[in-house]
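In the two complexes below, subunit A is the common chain; its partner is subunit B in one and subunit C in the other.
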Partner chain A sequence: MEVMLQALALLLEPYTLMVILLASFFGLFVGSMPGLTATMATALLVPVTFFMAPVPAIAAVVAASAMAIFAGDIPGALLRIPGTPASAAYTDEAYAMTRKGEGEMALGAGVTCSVFGGLFGAAALMFFAPPLAELALKFSSFEYFWLSCLGLACAILVAPGSAVKSTISLLFGLLIACVGIDSMTGYTRFTFGYVQLTGGLSLIPVLVGMYAVAEIIRYAITIDAPITIAQKKIGNIFAGQIPMMWKYKVGIMRGNVVGTLIGALPGAGADIAAWVSYAMSKKFSKEPEKFGTGHVEGIAEAGAANNSALGGAYVPATVFGIPGDSITAIVIGVLYMKGMNPGPTIFIRNPELIYAVFLSFILANLMMLPLGWIAIKSAKQVLSVPRSILMPIILMFCLVGSFAIDNTVFAVTVMLIFGVIGFLMEENGIPIAPAVLGLVLGPLIENNFITSMMKAEGNFLPFFERPIAGVLGVVTILVWLAPLAVWLWRRSQGHRAAVRA
Partner chain B sequence: MMRRHILSLAAGAALMFGLAPAAEAAWPERPVTIIVPAAAGGGTDATGRLLAKQLQDIFKQPFNVVNQGQAGGVVGHTNIATARPDGYTIGVIYPYAQYKLLGQADITRDMFQPVAQFNFDPAGFHAPANTPHKTLKEALAAIKANPSKFKIGCGGPCGGSWDIPVSGLFIDQGIDTKQITFIPSNGAAVSLQELAAGGLDFVTASAPEAKALIEAGKVHPLVVMSDDRIPAFPNIAPVKEQIGKTFEGGAWRGVAGPKGLPQDIVQSLEKALKQIYDSAEFRDAMTARGFGMRWRTSGEFTAFLKEHEEFTARIMTALNMVKK
Partner chain C sequence: MKFNDAIVGLVVALLGAAVIAQAGYFPKARHIPYGPGFLPTILGVGLAICGVLLIVRGISERRTQPLLKLGEWSRSPRHVFGFALVLVCLAFYALFADDIGHFACSVLILLVLIGHLTGRWLRALWISILASIAIQFFFVDLLLVPLPWGVLEPYSGWFVWR
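The block that comes next holds the complex of A and B.
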């Protein structure tokens, strides 16, 4: 308890609070810009933290990344452009709500569920970090392989409409994930001798192109009859949030738990947590038919999941020095720099420092309520800007964001090309979300499959030999076969009925 | 050819506008780009940013770090080597010889003007905590007796900074390395996680990368590939103490520009880097991150790159890893 008080005193120093506030505004700005991600907000903060004491340095990163993940929801709901990849899973849903005139509910759910998820992740980190980290350390390539296969099933579950078209989109995503040097064997694939392609197609330019540029093209060709008039005004975003959260309490809790666990697994972060939670929400919902038409249930669950994943990612990072996601990969460097070396000793050597970091999670999430409100208040102004002015400005941000991610003009070209591809796909009723998920999961599946096959010397049995892998494998295969079994059963029932008639 | 044309055009333009070629003496008169062939936030990025900050203080011009970590550094190294050699694009380089041997990109020392090396981290060799092989000698004996039984994680793509020196030690000890299964990964953290999860027998990675897991009692370090004990890990015996042979290898980082970088720029950069290297600020920051310090002058670094290419080629040939 004394340690907690010391930690609180460290956190409540005016300088630290000032840093957290500035970092929060920075995170909100970066997160709401299409193409600039929470990871990038963290990376940009690192040189600034060189000159700070340990607690403000880490608290700045915590605050900026939490705000950025939430802020990614804002352009998603207002413009159908996810601010960060972690919001991509439910961007369509949030935008559909805004078009229906329920923008307050979509944005409000984004804030309140993000806060709730963030607090849950922080609590899990404070009280269960060592056992959770032990669990995460039991995952080898076999377990990861099955987990990413389950993720693939999400792609088909989340997409509304035709399963065949979703599958086409998913396969396209997996195909473009193959471009570049294969990190396992070192062979170059689909690069046509072009050095810029050896790095593969980065997620951000593809994501920004497929969502934002496609939207701009759609606007450009429908200039006479603007079909995408979203809601003009956003009212009180906190109205009706408590009944909503109470109604979906089970789903939000599930989102918290799933988000924390996925965050704690090294290699999977907030992006994947949001996809999985959105798919689970739809699967377990009492009204799955409403998904995709502007229904808040999935936004609440996935919005909680992506913020709780942030806290979860610090679990293996602080206990074992193994990053839980791309943000903590950077944070570990900062921890070393500040003499707070990750490892079990971090809780013994300077517990007040690490608890101050954990408390900064709670503080940052509480600050999200007022700051999120301010951010939404100012962002909603974009709805009153004429689209003929707004669209070119968005395009400019997309160009800057894509360039910033790899510092190459090539990334800008990739973004523009994928804008056209995304536009053509949607015009033909092919959803783009599964393609984005394919690009996220492709390398994960392939790397873990090849690693597993090398370890197993080409034998398939070891994929089921370890206890966790065995369970995950069976569950995955059941999820894949279930629709087939249902179809066969219905067919035989129908056949019997026909015979009886 | 094309580049030379552009250069002479630029020179002509400079003369026309009255900018004497002597302006070179005043390098840098505009911001300098430092290409870091690694993603933002990693170790190479941290060292690049440390250098950039202090170079900026010395030369009173911005030194901007540009991260190009795509394709495991191929893109960044290529862009350093093919930049215009005017001193306004330099970069941090690290072991690159495997790119050419793996058929990924034709990058050789002829394309660089080395300025100075500032870092060396010896490779390490680690086993899980419950390993029956508690010392390097025992591990080497077990691998020699039955090489096909062992799976070794490379701590990154195979053919990198860690597995190549360790393979060199194996070959020296008469182990049939072709029978060992080497498992690549996306970085040391992934391999070490596999090791702790029970999926691998050994992992090659640096000691600082494994530090947290060593302290947690999940990983048992066997050796560091250097002559002397490293200060941050006084309990890990180096190769020389364990088998009585000098064997050093691992990752290094240095500053280089494209071939043809004017000698006066090389000299003033080298001088500034030496000043930074000797500063307490740089040493403290490097030590805090667990990075080893090693200084090589422009000339020594140039000679070392030749050694690096030859050693990597010899080991990768012995491992059957060379493509084409």
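The block that comes next holds the complex of A and C.
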């Protein structure tokens, strides 16, 4: 309890509160601009957080990402363009509501369910992270090795589209993590004579390239239609929200739980949570025929899910250092920079810092009610900011931000190269999230594998000898083999069908 | 800019092969058979296998998938130029920022990009100057990022308002 009070005191410092407020407005702006994502907001914030104490730095990221995920609903309802990919699942539904004259209900459900989902995610984080950390204290290199492998397996399983392409993305991420000095032997790999690469590729220029620069390139080649806002005047968005939430309470709760779980899975974040929840809402609904015609039920459930996913993603990120989504991949980088190395020991050494981060979730979500109202009221003005001016300025922010990480222009080159790679990957259906996960998990896997091998003197058996390691190992191998088994089963079914025919 | 899967596969397979070849030169660890080349070799093999799988898929779908499918934009010279312009601007910054300085680069890049995208060059000029000053103030004066001064080095005192 004393730790909680200390954490609260850290969070309620005027400087931290001001940072959270500014970051919230930044997140709302980025989220409501189509084409700018919550991950991009986080990546652009990093150079700024570089100069802050740990708590305001992470709280800024928390606030900005939570606001951005909610704000993505605004252009979805008004323009039929999702502000962030996390709102894409129910954009058509929200727009249909606006066309029917129920824009207030669609936007209001976005705010209230986001707040509820975000609070649920935060509560789950505070409830589950400490006991998991307690368990993780017993982990050795064997367990960490298996856990990271499990993370990689999840990244491929949950990625949309072709499994081969997700695997390529993952392997590519692991490969770029190999660049630089191998921490076990001190041998430099894949630096091609560039001294700047000796320390490895910095995470931030790579991420800014893949998420932001790739998006700007995509903007440059987009032939976009002029924007028309479906509803000019927006009335009271909070009217009728409580009866609506009460009516769909089961669905919203299901969205919260599903969102938190999907968020905690490595590689899957708010966007996948929203798609899954929207589909579940339709499946379990009493009136599925209304879906797609402007019905609030799916928006409420998926809107809660994408915000609860944010909190869920911090569970593996803070406890094991394994990112739950692309935002926490960046957060892990920030935690290292701030000397708050993620892992169970953070809960022992700096409990007040980590609890302050958790509390910042609650604060950010409570602030979403008034700030969300402001954002919706000023949507017309925000959405009329010309993107032809905004995009070049964001590019300049990317340049300066990448530069600020290492203070070298070399980082800009890295950002450019990964911007082009990220653009080509997305164009060819290769998802980016597995690569990011590979980049973060690469060193963890390799170091834990070699350390374990040294301990085991080159023997494989000890990888299964400890109880937790054994269970994790078996689960990981099963997860790796699952797609193969499904494929074989489908083949045999198809074969049988063919024989019968 | 969608390539046929066979081409993507070929690039991936070649990358895998190059990684395996390079990893072969890495020294062996002394006591265990897992040295610095161990993980890269596995990754190289994985990339090569995935690459071959994509090549097979691409060849089998060659009737429906052209070798290279460009989007709508490739028929609009303005968009092709815009695409090239973004890359050129970034390369320009990477190559010349140290020599001519961040501020000059920033004004130039913003002017060219905003001018091209909006078509209103005079407005682009003042926006690029104002935005560059704002970025300079925020990052250099407030956040103390040592952005390169370049040719403005002798006059840097005028621009630091701390």
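Note that the second predicted complex is superposed on the first by the 276 of 501 C-alpha atoms of A that agree within 3 Å, B and C clash if a C-alpha of one lies under 4 Å from a C-alpha of the other, contacts with A are read in each partner's own complex, and residues count from 1 in each chain.
Keep this in mind: a residue touches a chain if its C-beta (ideal position, glycine included) is under 8 Å from a C-beta of that chain, and two chains touch if they have at least 3 such contacts.
Since the structure is predicted, the reported quantities are computational estimates derived from the model, not experimental observations.
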Using the touch definition from the top, say if A:Ser141 reaches subunit B (first), subunit C (second), both or neither. first
Quick check on the superposed pair: does A:Ser384 touch subunit B, subunit C, both, or neither? Answer first, second, both or neither. neither
Considering only touches as defined above, state whether A:Pro392 meets subunit B (first), subunit C (second), both or neither. second
Give one of first, second, both or neither to describe whether A:Gly199 is in contact with subunit B, with subunit C, with both, or with none. first
Partner chain in contact with A:Thr345 - subunit B first, subunit C second, else both or neither: first
Where does A:Glu446 make contact in the superposed view: on subunit B (first), on subunit C (second), on both, or on neither? second
What is the contact status of A:Phe403 with respect to subunit B (first) and subunit C (second): first, second, both, or neither? second
Across the two complexes, what residues of subunit A are contacted by subunit B and by subunit C? 47, 50, 184-185, 187, 407, 454, 457
Subunit A-facing residues of subunit B, complex: 39-43, 45-46, 49, 53, 66-68, 70-72, 74-75, 78, 98, 102-105, 151, 157-159, 181, 183-186, 189-190, 192-194, 196-200, 208, 211-213, 215-218, 285, 288-290, 323
Flag every residue of subunit A that touches subunit B in the complex, lowest number first. 39-40, 42-44, 46-47, 50, 137-143, 180-181, 183-188, 195-196, 198-200, 202, 266-267, 319-323, 329-330, 333, 336-339, 341-345, 406-408, 447, 451, 454-455, 457
Show me the residue ranges of subunit C that touch subunit A in the complex, using the header's touch definition. 1-3, 8, 12, 15, 19, 22, 26-27, 29, 31-36, 38-40, 43, 46-47, 50-51, 53-54, 57, 71-73, 76, 79-80, 82-83, 85-87, 89-91, 93-94, 97-98, 102, 106, 109-110, 113-114, 117-118, 127-128, 131-132, 135, 139, 143-148
Contact residues on subunit A for subunit C in the complex? 47-48, 50-51, 164-165, 167-168, 171-172, 174-175, 178, 182, 184-185, 187, 189-190, 213, 216-217, 220-223, 386, 388-389, 391-393, 395-397, 399-400, 403-404, 407, 409-410, 412-413, 415-416, 419-420, 423-424, 427-430, 442, 445-446, 449-450, 453-454, 457-458
